[in-house]
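For clarity, chains are labelled A, B and C in written order, and residue numbers in each chain start from 1.
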Amino acid sequence: MRYVARRLAHAVLILIAISFLSFVLLQSAPGNYLDDLRMNPRISAQTINALRDKYGFDQPFPVRYARWMRSTLKGDMGFSFAYNGAVGPLVWTRARNTLLLTGSSTLIAWALALPLGVWSAARKGRWDDRLFSAATSTLLAIPDLLLFLLLLLLAARTGWFPAGGMASPGFDDLSTLGKVKDVCLHFALPSLGLALVSMPILVRHIRAAMIEALESPFIRAARGHGIPQKRLLWRYALPAASNPLISLLGLSIAGMLSASAIVEVVLSWPGLGPLMVQAVLSRDVYVVLAVVMLSSAFLVAGNLVADLLLFASDPRIRVE
Amino acid sequence: MSAARTDSLVSVRGLCKSYVQKRQFSGAKFTVDALCNVNLEIPRGATTALVGESGAGKSTLVRCVALLEKPTGGEIEFDGRNLLALDTEELFRARRQFQLVFQDPTSSLNPGMTAAEIVAEPLVIQREVTKTDRRRKAIELMEHVGLTSASADKRPLEFSGGQRQRLAIARALALRPKLLILDEAFSNLDLATRESILRLLRDLQAAHSLTYLHVSHDLRMVFDLADEVAVMYEGRIIEHGTALELFAQPQHHYTRGLLAATQLPARLATDCTAEAPR
Amino acid sequence: MKQLRKGGKLLVLLAGLHVPILLASFFAPYGFSEQNRERPFAPPSRIHFVDSVGRFHVRPFVYGLKDDPNTFGAYLVDTQEIYLLHFLVPGSSYRLMGLFPARKHLFGVDEPGRIFLMGTDGYGRDQFTRFIYGGQISLAAGILAAALSLLLGTLIGSFAGFCGGWIDNVVMRGGDIFLALPWLYLLFAVRAALPLHIAQWQVFLLLVAVIGLIGWAQPARLIRGVVLSAKERNFVAAARGFGASDFYLLRRHILPQTYGVMLTQMTLLIPRYVLAEVTLTFLGLGVGEPMPSWGSLLFALQQYYVLSSYWWMFLPAALLVPLFLAYFWTADALQEHLKSVPL
């Protein structure tokens, strides 16, 4: 239990540190928001004053930080200059979409990578393994961007999949089943793309972990006892390799989140990625902050889950 | 083999060394006492052996004496000077007087350096030699331990285990130390090589009046080599005396057990009145 | 030892791939901002040896282009116009590597013909030229950023590994924070903090600095690991026994152990960072027009009609695959070599 509490505290501390650093970073950006706001005719002087009070633009740094933290905890997360409203509601839907995408891609990627990695470890050195490794290397060398653009091309040319967005026009008129089907069609390509770019690295690492497990003495002993290969692989070696694999899960979430930003932009999936790009281009500082915080929070949460899984699965940790 | 027991080169008094370790996952700390109140006299010009099982603290003790580790308490006197009270400058110069030869010659030699560079390294560090002289001195040292000058540019891996150990000894002798500590320096060598290196060490001791401290768990070798023997167990020295005394009349039950587990040469059985069951 | 020769050969091959990019002004037939407004989105030129009447020419040639009267924006080959291909042609003057003035280009065709090895973009600019020049930007960005990351990572990692104790702890926790951030989002955030409209070379330097500085954590972790284990080696203890200072130990014994890891890391980081620059520029956050970063070359693909009609616009991205493969194979060979060297 102490372990769990420690990891939790660690995670919270990291998030706080990130929030602080990001805030410092963005506050050092040149430009005074108040002036920009005043130049915007759509925002009334009252709003500007209210904002100034709420976020303390002309106050010293610690005050601004504290006010932003408070606003975040209340759910507002600051003010978006581009959208003329609180950042919170803007970001939640997008975050949900990104989570949906990343979550499903992780599942697909692992569902593909795990059997492939295990299989190639079992057939290490043989011609089919070497061919497979070559194929993985090649896939790895394909830039994410290229893959996503090709998928977009596929969608455009064949019409099997919609080329963007999350829902077709006329979405609301569909039945529930129809709605589900529609969303699935829309997110099939981004999900598949994201899974494909993450898969090669996963396969490599899984293969390495499995090879190490397979070469350990206790597996050789088991083999000597006549345990069949298949059982050996899945019931003996895989659990032995689970420690590095669970850590890998945590890391793969990190990579997945970054790549998701790109796929969202290219395939027009309404997630945090396009929001972020727009916010950077329009210097919408609080939105940038919120996205950084949210994505970091996802990452930290993912790693925490991985750590807890590790704790639950590896008896060496619990014995301490 | 007999030693003129004059004064002590090294006096260790009340030496203690403990480590604090953290459990990997729960973070709880616990202390390990590697050495507890160790007292040891190492007589000048003689060969002292330190014996005991693995984990008894022998390596820790000699590393402390060689100032490779810092003891948590106690004193170490070398040639009349308190080693632990020296400042950085004095310490730097004092290091010339004692050297350690490690158990595994492969790991104690940098695989990327040539033999000449390795042997000359102490001279370089202590700034005792110019760049031009380096190689010449190194070859001198190598020849002194029975290696040819032709192998001066070879890397450690191109030597056999015995030759590597000779290199390590040559290196240790570069600064003309008074004390040579050999930390299980023969465990990795075969018998024939061991014999030839022991002969080398005997010659060197005679030629340079060296004092040796051998750490070993091979009692038979210790019996042949040592003038004095100290037995360690769980961080303490439980018995100390001349080799003959110890083997003939071990006082401590642990020493007796140790001897019992060893097959001693037949002449000892007739010489001594030990009750050593086979 | 066989691995080293293989790794060495691969390194040479890799370096060789960079030569055309380094000497872009020589290898490219045209300037990177030269426009041919009457030939937007022209397909890649085909090189022929046999002309339309069956005559064989020793010197290869390309046909001219004329507009297709039936389809808007398409071209037909004009078999009446033959432009011979020459090597070592005098062309527009340039400065080789920015220093030496010269006029000769590796290849070119007779005026007024044009050879578009990779087609043209919306402004009629030769994509092959822009690709080679673009390499100067994107590869330079990747290499510089990787060097920066590695340098920073090595400094911090060896410091942390050598000191151990609480310093090591603090530094690694700091690294954890950087690793905990999704790097692309972090990149965006830092980019947001910087002014949007600054001089191109400043953007370039900033990009390099940002990408490089963010990525210190991973090399630092690896180098720290090597330093930690090297620190415990007996030959380090032996040197300490001779009175060696910490600085000497690091310089002579510990850091040399890291060189192999550093080289491997470099070959792994460069493709990643090149891709980072390309992605940022593609999204509009990097080096802008008219600098031909590979990202700007791909930028046009964001438009539907370009994506679906003009396949040659994919070529810059496709050519990245063999380049990255070369880097990966080199990295693999280096890693194999590292594993075989007894430590």
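Annotations
By our rule, contacts are C-beta pairs under 8 Å (C-beta built on N, C-alpha and C of every residue); 3 or more make two chains touch, one makes a residue touch a chain.
Please read these numbers as outputs of a predicted model, since none were measured by experiment.
Counting steps between touching chains, the shortest path from subunit A to subunit C takes 1.
Across the assembly, the chain pair joined by the most C-beta contact pairs is A-C. When chain centres are defined as mean Cα coordinates, B lies farthest from subunit C. The distance from the centre of subunit A to the centre of subunit C, each centre being the mean of the chain's C-alpha atoms, comes to 26 Å.
Centre to centre, using the average C-alpha position, subunit A and subunit B are separated by 57 Å. Across the complex, subunit B meets subunit C through its residues 66-68, 91-93, 95-96, 99-100, 102, 104, 107-112, 121-122, 125-126, 157, 168, 171, 175. Across the complex, subunit C is touched by residues 14, 17-18, 21-22, 25-26, 28-31, 137-138, 140-146, 149-150, 152-153, 156-157, 163, 254, 257-259, 261-262, 265-266, 272, 276-277, 279-281, 283, 285, 288-289, 291-292, 295-296, 299-300, 303 of subunit A.
Taken together, the subunit C residues at the contact with subunit A in this complex read 176-177, 179-186, 188-196, 271, 275, 278-279, 282-285, 298, 301-302, 304, 307-308, 314, 317-318, 320-322, 324-325, 328-329, 332. Within the complex formed with subunit B, the subunit C residues making contact are 233-235, 237-244, 248, 253, 256, 341-343.
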